[in-house]
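Next come two complexes, and both contain subunit A; in the first it sits with subunit B, in the second with subunit C.
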Partner chain A sequence: MNRFTYAGRARQTRSAWPERFGHWPFLLLIWLPLAVLFVRAAMGLPELALRDGRLFDWAREAWLLIKTLVYASSVAGTVCLIGFLTAAYVIGPGQRQIRSLTFLLLISLTIPSSVHALGWLKWLGLIRQLGLDGVASRGWVVSWLVQSMAMLPVGLLIIAGGVLVQNREHFLAARLLGPDSRFVVKILPGLLRPQLLAAGAIVWILTLNDYAIPSIFSVNTYAIEIFVEYSSSYSLARTILKSLPLVLLQTAVLTIILKLVPQVFLSGRLQDFSSLKVRFPRSLGVLAGLGSLLAVLAAAIPLSVIFLSKEMWLDLGLTFGQSVTDYLTSLGISALAIAIGSPLALSMARWIHARGVSRKGLFLILGPVAIPGTLTGIALIHLFNHPWSNWIYNSLLLPVLAILGRFLPFAVLVILAWLQRLDRELIWAARLLEPDDARTTRKILIPLLAPGIATGATLLFLLGLGELGATVLTVPPGFSTLTIRLYNYLHYGATDRVLGLSFLIILTIVLIWVPLLFWQRSRRS
Partner chain B sequence: MIELQDVSKAYGDQVVLDRFCHVFATGSFTAISGPSGIGKTTLLQVIAGLLPIEKGQIVLDGQVTNAQDQILHPSVRRIGFVFQFPALWPHMTVRQNVLYGLMHQPRSLQEERLAEIITALDIADLLDKRPAELSGGQARRVSLARTLITHPRLLLLDEPLNNLDARLKDQVLAIVADYRIKQQATVLWVTHDPGEVSGLASAVGQFNPGGLV
Partner chain C sequence: MIVKPSGRILLLALALVMSLVLLPACAPRDKTVTVYTSVDRNFSELVFQDFEKKTGIKVIAGYDTEASKTTGLVNKLIEEANNPQADVFWNGEFSQTILLKEKGILMPHDSPAATDIPAKYRDPEGLWTAFGGRARVILVNTRLVEPADYPTRYADFLADRYPADQIGMAYPLFGTTATHAAALYAHDGADAAQAFFQALQDRGIRIVDGNGVVRDLVVDGQLMFGITDTDDALGAVERGDPVAIVVPDQGPGEQGTLIVPNSVALVKKSQPNENAQAFLDYILSPETEKYLAEIGWIQAPVRDVGLSAVGGVDWNLVRTIDVPLSQIYEQLEPSQSALKQIFIR
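Moving on to the complex of A and B:
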């Protein structure tokens, strides 16, 4: 005979709140500013058409767009090729080395691209001093080289991650049926096709939107053109009109790769390939070794130029002293972005998860990634520059919203990936025993998802720390961030100060990454 | 008594339950068999309220569990569910896992039930351990303890003997048989091999999308 009953608690209920309404905060925060931006720009178009006889030199714009697209495509192609060769080493003879390279790559991933450029400038200068005068210090080719190296960690981590989540049996079956060389050449590229395409598309989009490296090498790209347009005309309609081809192209590519997202980011578990020592044929081994060497260089060159600069160390105290306020502002903005963004990212991920991952849902999350940072900043300015919202417009909340607008999609994707990998029986077991969904969320779901939430939050924090495109427009008067100061120093040629600030950023990254990695490792064990 | 009246459930285009009808009498022990992927697990999950149904009605002891787009929360159905794998929460100790379903009950009742279940399932030494420290058999017994400690009126078991050795299989069968007699519980046992519960089952049904045959 039961001594207790559920009488009084027997309630009719629907699914938990975030699973029904979790998308609304995300839509309001991320999509509303963009929607307002495009509507207001559209409203301004007729007036613009009447006022200006000829808006732009379209032939010039089209030519610049083509050059930019070729540039971004060649960077994406290079990253995929080197990324594949290096990632193949994960199951080959150099797997231990590649694993130890991961941490270096994670750090170099968050080094501002301008510091990558600075590192390569320094090293290319040294090569010229050795008598190789043909090595250029500006122009498309050197910009392509540096951009490819700066983007390599992104591509490599996606592709190598793809290798590590492959089903072991795929490899074993192929090895039983043929030599290792055939497996690496014929089977592996096919297995990694989704990761290669996704890495290529992401690097392509990131390159199209980055103007830090091209501007340092005196190369004019379409992203620079958009920034210059708004800075010179302050016309919303003109800026949007000019950025439209880029936004449409990026949206089209993003829509195409959305179907790869579940395969690349939302499924599979890390496998241990340590016992699987695939023997590479000599020629392929050399290529893979070369790829790995380039990956090491991509991480080592910006780090070396920072750590080997004597002047940087001499000026370090002064650089830190002059940047304390900006540093604290940057930390504050990024921390606030985490505080606001993490619950929103969790709610949005739960909403998508409850409905099953679909292309529509993924577009809602990742669509804003196709919007250049400059436009995100402009959207927020136009949404909040009103008397009723001056308290946001004139505060540090605006750059916080800018960071969320740009990077919250990545945090949602990370949490969604963990949610998808979570055994649903763990949640169901709780739902069978506990009627309060909020309690199930607090006691079971959040602890189980903690590593994913922490990773998403850390990503948000680190990307926010290096953001420039949107924050430069949204930081209120009297404030500056570390990245803005770094870019200003770069503009005035204060190289040692740039390196000092980069060191500060790396130190912050390491201080955050290392405890996170140890914590995750201890949880796994 | 559980009544399933014209229950339909589909995953996209794949119809798993098609106007499924069946009545499980109170205190009965039904073994449900059928090929993999046909929908046996889905049947248990919709009865438990873990998955919504598209059409039809499920009635538990006279109470409609799904009406007008609202479903009765799984926890208030008083159903115990044994999943194919133990599904223990890794961040909690064995004690916390087992007592989770009694969290709102008086401490004295919690202690009484805990003492009862740890003796029956021989898990007294495991209470302060984490799931990662348990063997497969220990984890399975803890999972059963978490399910049975709330005294569910209906016990749903989804291939609970998978990956267990012969000794453990006998142990689990004995625990379930004992529980059913003591609590007058209704048992639905999904299995590939009806022979494994032949001594206990009052009925054996072959699953098909419209009902049990």
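Moving on to the complex of A and C:
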């Protein structure tokens, strides 16, 4: 792999610091707290073995795990199918709608899953009131439907990225050999395979770790088993042991899948399919239209609940007024996560890119993603709650570290993908002419990678804004975040306030996204 | 190294953000008290403001969320045992406070404000004190059930006249529903309680993620009724939702309902904090208990605070499950273990 990378060529002159040591800050920041946690948990194991004869209820837990895997796989499969149909739609009849669809999905990505569930509960209730009593209010099917719809924005955005980097030449070549529909049915699935796999894997993982939506519809998953263990035994060792099958499974699957993903980013630049005038037969057009309709529905249902709530608008001023400190705290934490995380992610990505990454390496990078947020929070408490480190422990730096601990690997992967799409001749030329790596990085590499760094930063920001499991444990007394407040309102039953806060989050994203869009346009022109 | 003005601005901005982030750790703390609380923020914030106004002592609050089943702070207190950050733990229920006592996290305080609280609500060693509570009640959707058909007993959840999929309950593995289950284990015996919950599961009643969800589904008309806490139920009543509250098991010979009291304790530190003691004395006073009832966090004061009825119910006349708090606590882990086998499959 190195033979084809700019770093492989540049090594003939001199390796840059991030290419030699760029992994150390990442490993220290992400793995040191987890290592301390695992050591502490391992120390508790002998006592645990003496106290409890039976750690696992094998038959019940194995069955629960299998059911959970089937449930998560069905959700991931559904998201991939709808995602593929929507991709076909935007290449074919719906080329003009791609921007509005992406915008709608990006907005709905920020809405908490509980609001998605709330929206679907409302609409399904309305359908039942219209006399369609057959519509289930609980059980596997309705839970699968709502979970799939809540996860669809995540999956679709990944798949949409895949569509945008496809080579027009593939399509033009296929067009010479047969009708456009043939390209969609026979060739597009293969071209989009890495994105479909990546979307499927990420949705699969998010579903495996979510028990909020399934439990609303009376479906049990393994995530709730872990949570029961954590909240009833108060034993770190037991909780980690319970989490282990799920953590290992997730990391293994992610590693295998992401090993396939980077290849796609070698394929080229962002493409515009609008000039191709793709034509579909009616049946395929209807099917693709149906897929995109479901995608619109996935965004429209929660948005309708937010925007059509009269009480939400009436209480909006009060909701904003009460949440302003939490809002600023959340923004500060997420901003600092970006400021610290982006250089670290860039260094790590450069190190991986320079060396090529093995499955073991990917396992190390991705492992933390599969660890429940609560355990990440506890790990940071273990590491930093000492008299000598009170200045960190009682500061907002701890929730920043929690967010980085959970989501920095995603930023690394995004930057890595962009690094692999770079025009390498440019970098080789720069490295040969300018020996100072800091200068080359600042003048050449960062501007070229700016979209990738911005995407990674956006991901950190969005995921950090919605994080709860680790931040609730790490935010210092006297502070709170918007998400903590939102969940408090949710429990209190103040739906109007929950919707008001969701609106505030949407507004924030719009205010950040629109200037970014203009910046991107001016950059292109 | 040449740094352009834009780079300088970026560095300055980063330094500013960093100093703001680290500021909380450097703030002076002599006239403050750090309180960890699992009580809903909507209520606890009002109490903290009242305390600050009366004493001039600033409360630095750490909150929990229902999403972490209010066990987040308890786990945090356990993990912080070697370098405690909190001065006070104010819990919306009692079993986790007893757990903290057993883990050696608490220190005693004999509050003069608690002398008129009945002995059954006070730890013999003075490590914790319980006060005003919430009750377990049945919330009924008045559009779906006629008053004559309202369920009156917890056992009515098994009655055939109500469709199973229109009856709801939170997982009896977390929060006050778990405490209620433990109380039934202590009162009825493990076999009888286990059989009751097994029958509920076999019948197929709807088990959901939290008392708040039960309330929302009843309000929305997706459930005819469900069991929840008074604070959740009264919130819906006050909003004018089509619901009614039934206090279960009040008939002759019936066991009564469970009252889940709040509890408060000092966190063990090398030096007792006077501000923390002042907070304990404040929160345990009859005036604060009355205030908590007025704002809607508690409905069943543990002593006479001068309120005849809270939430439309005279709690002095309500029959409650007669089991000591310590016995309920002892049943908590065994009942959770057993109920996990029934409800998570």
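Simple rule for what comes next: the second predicted complex is superposed on the first by the 478 of 525 C-alpha atoms of A that agree within 3 Å, B and C clash if a C-alpha of one lies under 4 Å from a C-alpha of the other, contacts with A are read in each partner's own complex, and residues count from 1 in each chain.
The definition used in the following text is that a residue touches a chain if its C-beta (ideal position, glycine included) is under 8 Å from a C-beta of that chain, and two chains touch if they have at least 3 such contacts.
Only a predicted model underlies this, so the values are computations on that prediction, with no experimental measurement involved.
Trainee: With both complexes overlaid on chain A, does A:228 touch subunit B (first), subunit C (second), both or neither?
Mentor: Only subunit C is touched by A:228; subunit B is not.
Trainee: When the two structures are overlaid on chain A, which partner does A:24 contact: first (subunit B), second (subunit C), both, or neither?
Mentor: It touches nothing on subunit B or subunit C.
Trainee: Touching A:382 in the superposition: subunit B (first), subunit C (second), both, neither?
Mentor: In the superposition, A:382 contacts subunit C only.
Trainee: Given the touch rule stated above, what does A:444 touch, subunit B (first), subunit C (second), both, or neither?
Mentor: A:444 contacts subunit B only, not subunit C.
Trainee: Which holds for A:393: it touches subunit B only (first), subunit C only (second), both, or neither?
Mentor: Second partner only, subunit C.
Trainee: Pick one for A:428: touches subunit B only (first), subunit C only (second), both, or neither.
Mentor: The answer is first: A:428 touches subunit B but not subunit C.
Trainee: Looking at subunit A, which partner touches more of its residues: subunit C or subunit B?
Mentor: Touched residues of subunit A are more numerous for C.
Trainee: Once the structures are superposed on A, label A:518 by its partner contacts, choosing first (subunit B), second (subunit C), both or neither.
Mentor: Neither partner.
Trainee: Scan A:212 for contacts with subunit B and subunit C and give back first, second, both or neither.
Mentor: second
Trainee: List the residues of subunit A that touch subunit B in one complex and subunit C in the other.
Mentor: none
Trainee: Within their complex, state which residues of subunit B touch subunit A.
Mentor: Touch list, subunit B to subunit A: 45, 48, 50, 67, 69-81, 83-85, 87, 89-91, 100-101, 103-105, 109, 146, 150-151.
Trainee: Name, in rising order, each residue of subunit A that touches subunit B in their complex.
Mentor: Of all residues in subunit A, those touching subunit B are 2-4, 6, 9-14, 423, 425-426, 428-435, 443-444, 447-448, 450.
Trainee: So in the complex, which bits of subunit C are touching subunit A?
Mentor: Touch residues, subunit C against subunit A: 1, 14, 17-18, 20-26, 34-36, 40-42, 60-69, 71-72, 74-76, 78-80, 82-83, 85-86, 99, 103, 165, 171, 173-174, 178, 206-210, 212-213, 215-217, 219-222, 232, 235-236, 239, 332-333, 336-337, 340-341, 343-345.
Trainee: Using the touch definition from the top, list the residues of subunit A that touch subunit C in their complex.
Mentor: It is residues 57, 60, 63-64, 121-122, 125, 137-138, 211-212, 215-216, 218, 220, 224-225, 227-228, 230-234, 332-333, 335-336, 339, 374, 378, 381-382, 385-387, 390-397, 400, 438, 468-469, 472-473, 475-480, 484-485, 487-495 of subunit A that touch subunit C.
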